[in-house]
Amino acid sequence: MAKARTGAIMLALPLTAFILVTFIAPLGSMFMRSLYDPLVADIMPETVAALEEWDGTGLPPEQVYALAARELERAREEKTIGKLATRLNRDTSGLRSAVMRTGRGLKRAGGPPWSETLPAINAAWGEPATWQALARTGARVTPVYYLNAVDLTFGSDGGIVRQPEERRIYTALFIKTIRVSLTITLLCLAIGYPVAYLIAHSPPRLSRLLLVLVLVPFWTSLLVRTTSWIVLLQQQGVVNDLLVRFGLIPDEQRLTMIHNMTGTLVAMTHVLLPFMILPLYSVMRGIPAVQMQAAMSLGASWPRAFYRVYLPQSLPGVGAGCLLVFILAIGYYITPALVGGQSGQLISNFIAYHIQTSLNWGLAAALGCVLFVAVLLLFLLYDRVLGLDRMKLG
Amino acid sequence: MKLMRINPGQWALRLFCGLAFLFLIAPILVIIPLSFNAEPYFTFTRGMLELDPDAYSLRWYEQVIFGEQWQNAALNSLIIGVSATVLATVLGTLAALGLSSPALPWRRPLTALLISPLIVPIIISAAGMFFFYSSLSLTQTHAALILSHAALGAPFVVITVTASMAGFNRELLLAAASLGAGPARSFFRVQLPIISPGVISGALFAFAASLDEVVVVLFMGGIEQRTIPREMWSGIREEISPAILAAATFLILIAVLLLIAVELLQRPPKKTE
Amino acid sequence: MNTIKASTRLIAALAAVIAAFPSAAQEDDFITVVSWGGSYARSSVKAYHERFVEETGIQIKLDEYNGGLAQVRAQAETGNVTWDVVDMEAGDTLLGCDEGLLETIDYETLPAAPDGTPATEDFLDVFDVDCGAKSLIYSTVYAYNDTLFPDLKPATMADFFDLGKFPGRRGMRRTPNANLEFALVADGVPADQVYEALSSEEGIARAFRKLDIIKDKVVWWEAGAQPPQMLADGEVVMSTAYNGRIFNAWALEKQPLTIVWDGQVLATGYQVIVAGTPKLELARQFVAFATSTRSLANLTKYISYGPLRRSSLALVDKHEETGIEMEPHLPNAPQNMANAVLEDPEWWADNQDEMNERFAAWLIK
């Protein structure tokens, strides 16, 4: 028995190690990235350490100024000053040019007292807010990205405050993502349930044929399916052309069905529908049709028999399908990015935006972690209510 | 008699489902004729509807088949897809054998761990992989994409092989051992033939997943790692041309072939029924 | 016998490997040049890529991008630099230079004008960045589909925001850049005071309030190739766009598009070299070639972007394929400059993050 145990462990070990390295470690590194930001502390270690002693009001003492001047000068020589400037600017707009100009100015500047020289090079050094920003961003471990991910930030007194209204994005976006995902899940359920029912209770040959009609889209590349919706729904697209040709709408009033929420909803429902139908089908297949007939022969109406006999037995499939579709929807990126326009953007689009465009990787990581925790909670909830064991993947 | 029993409710169900199937299939079918459009448009021209042969052409197929960009993309897709599939299949099959043994400790959490890449939303996995490989200076390499795609594909192999093991009689292994076969010999002679449909369909799933994957490629791939879906992505975002539709038609063809292969593998031989 | 066979095979294999080396070295004789796609890339290829390949024997691999520093940063940080030369916007050039992602360009090494004027004096005195070789001046303007406005035609930036006078959907780039400037000009701020206004909270709020008016009617674009297509398709009645793209759609594809120069936002474009490229010398050679008097003047034969060399300006002639006189179509032609905003890359570098956030928040509201 011990030998069998060792054998089984040895077999499972390679993939376990592989998944730990190539999948779990990346998730871990995202978590690190969301909390740990050593950039400022690495470039200006002594200044940051000295600022910890400072009470945060007024201006810091001359000694801090001297350290800052020295470390800024070094950062300029080592060409790290640009990164420092970018990071500080993300905290307070305008600090980028202040830091860069200071770096250039230090070449020509005189010497101590630095508490006069630095503000002379750039007025920002005469503002307490600049030093507060430096102290704030100097912390290696920082909750600031999580705060930003829920539209909070540090106020000037160091307390946590809400972002100014014109900069609040993410709470609204999370809510919108959940709302859209729920809508898509319900749409998939509404379309998928009858379809799965029909497939499950058709004669075998027909059932197999119908199943193929579900499996072809399931196997077809996501990009292909997204492209098709662009072809169909755009202004000069197939659907609009048909409507115009049949005189249902005038040529000048073609419908806008893409690059907006409609586009996202239609295309995502199409993409995710098989994920609803397949688990439903695999559960329904196991429900004997005779039960319904028995209930009806005992005098129950069809709706009543369905509600009392069939529906309860199909619930595991409903649960599995809804969970799958919802989780896939909540993390979808490609389809909303291509057909969503501005109103169809979801949280995943902003994660990609911060990774690829704004380069605010800490915020991208924090948003990713929040989303991950949401998905995890959903799984746990599902496990509690229905049990993951009963989930079937088609 | 039978016809009498088909009530309006059933007709409504059939009509509804007919529309649903149309919704599922029509968008995919519509791409195919449009990829033969002679004009650079994404819609049916008058000539196409009148079946004028001049309105149809193979020019977009020429672009896709002979264009250097698309050739490179196909090559990259193939290299990454095949490598990732091999890796995922070997590791996944071994792990599935281990998971199916009742002697394995912590079986449930371990299964959950090995399946997790399938369940975590792709945007999260891709973001994590991006941060991980960029801290190792490995973004913009084929290796990083192969490892990532293998991780995303392995759960498929684990699932299909485990499923094919469900009907496997462990007594057979004992019998083989009692006849003097070593573990390797009994694996290749006894176990592999039985689970091979599961292994192959798992591999096909993993390959299809890699062929379709674009988020990880977008985050981590450079110009040297452009795959077919990556090429389509920029095609859609930049200048839309029916060449994308020609490429899409190829992908549909591949999907149908993969589907047929998996269906044949999963269907039990007729005579045993 | 077998050993002899085996060793001959081995030697043959080795020979094949060695023989492959020179060709591998030749493989290295290319550089990757990254530019904006579509008609601009095609114009650059005709204007100077082809001639560069012909004269130097160095091949060019062309890749596309839509601005930003993400890929450059990823390449520089991973040490796996695959882009050699990038055609970059001013703000990105400034930030990339600050962060050490780009090589410094020494103007002394750029070729002199044909009359001997050194490069340091030949280039126009606009926004200098240490890491960018100035190449052209382009502008974000708006253009409209002529056939849709048979009587009254849009003429000012204010008209773009006037849904009553000119109903229909508008195309705009999905960034705050240029859009904030447009909004303020449309709201009556003189072109040369736009950034002054934007430096106060009130000015920013004013710009967004102006954008509010048309928000529901805007279709957002991202790639420069999209607006001419959207205008031609009738997806929008007017759209902001890069002036050269509109010119090409009009001149080459005979699309009925008209540019409104009022309130245009002029910006400068640069050729930059990614720091750490293993092909630094080839890249420098290309940048010098691409920003030479002749190359910049040649570009105006294919697309209406103004050269940043004085000596090239004098050589501006006719459009290669259509024979259209090019000078009136350049964004910096005097008659087009009446109410032009000159982009301030410093302001944008300082405020890009914040404006992006506010813009995103505004979009989803």
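Chains: A, B and C, in written order; residue numbering restarts at 1 for each.
FYI, a contact is a pair of C-beta atoms (placed from the backbone, for glycine too) under 8 Å apart; a residue touches a chain by one contact, two chains touch by 3 or more.
The structure presented is a predicted model; accordingly, all values stated were derived computationally and were not measured.
In this view the innermost chain, defined by its CA centroid being closest to the centroid of all protein CA atoms, is A. Each of A-B and A-C has its own count of C-beta contacts, and the greater count is at A-B. A separation of 39 Å divides the Cα centre of subunit B from that of subunit C. With centres defined as mean CA coordinates, subunit B is found 23 Å away from subunit A. A separation of 31 Å divides the Cα centre of subunit A from that of subunit C. Within subunit B, contacts with two or more other chains are made by residues 237, 240. Within subunit A, contacts with two or more other chains are made by residues 234, 236, 355-356.
Contact with two or more other chains is made by no residue of subunit C.
Residue ranges on subunit B touching subunit C, taken from their complex, read 134, 137-141, 222-224, 234, 237-240.
Taken in their complex, subunit C has these residues touching subunit B: 32, 37-38, 61, 63-64, 71, 74-75, 77-80, 82-83, 222-223, 225-226, 229. Those residues of subunit B that touch subunit A in the complex are listed here as 9, 13-14, 16-17, 20-21, 23-25, 27-28, 30-31, 34, 41-44, 87, 91-92, 94-95, 97-99, 101, 103-105, 110, 112-114, 116-117, 119-125, 127-133, 135, 147-148, 150-151, 154, 158-159, 183, 208, 211-212, 214-215, 218-219, 229, 232-233, 236-237, 240, 244-245, 248, 251-252, 255-256, 258-259, 263.
Residue ranges of subunit A in contact with subunit B, taken from their complex: 1, 4-5, 7-16, 18-20, 22-30, 32-33, 191-192, 194-195, 197-198, 210, 212-217, 219-232, 234, 236-238, 241, 270, 273-274, 302, 327-328, 330-334, 338, 348, 351-352, 355-356, 361, 364-365, 368, 371-372, 375, 379, 388, 393. For subunit A in complex with subunit C, the residues that touch the partner chain are 79-83, 85-86, 89-90, 93-97, 100, 166-169, 172-173, 176, 234-236, 259, 341-343, 345, 350, 355-360.
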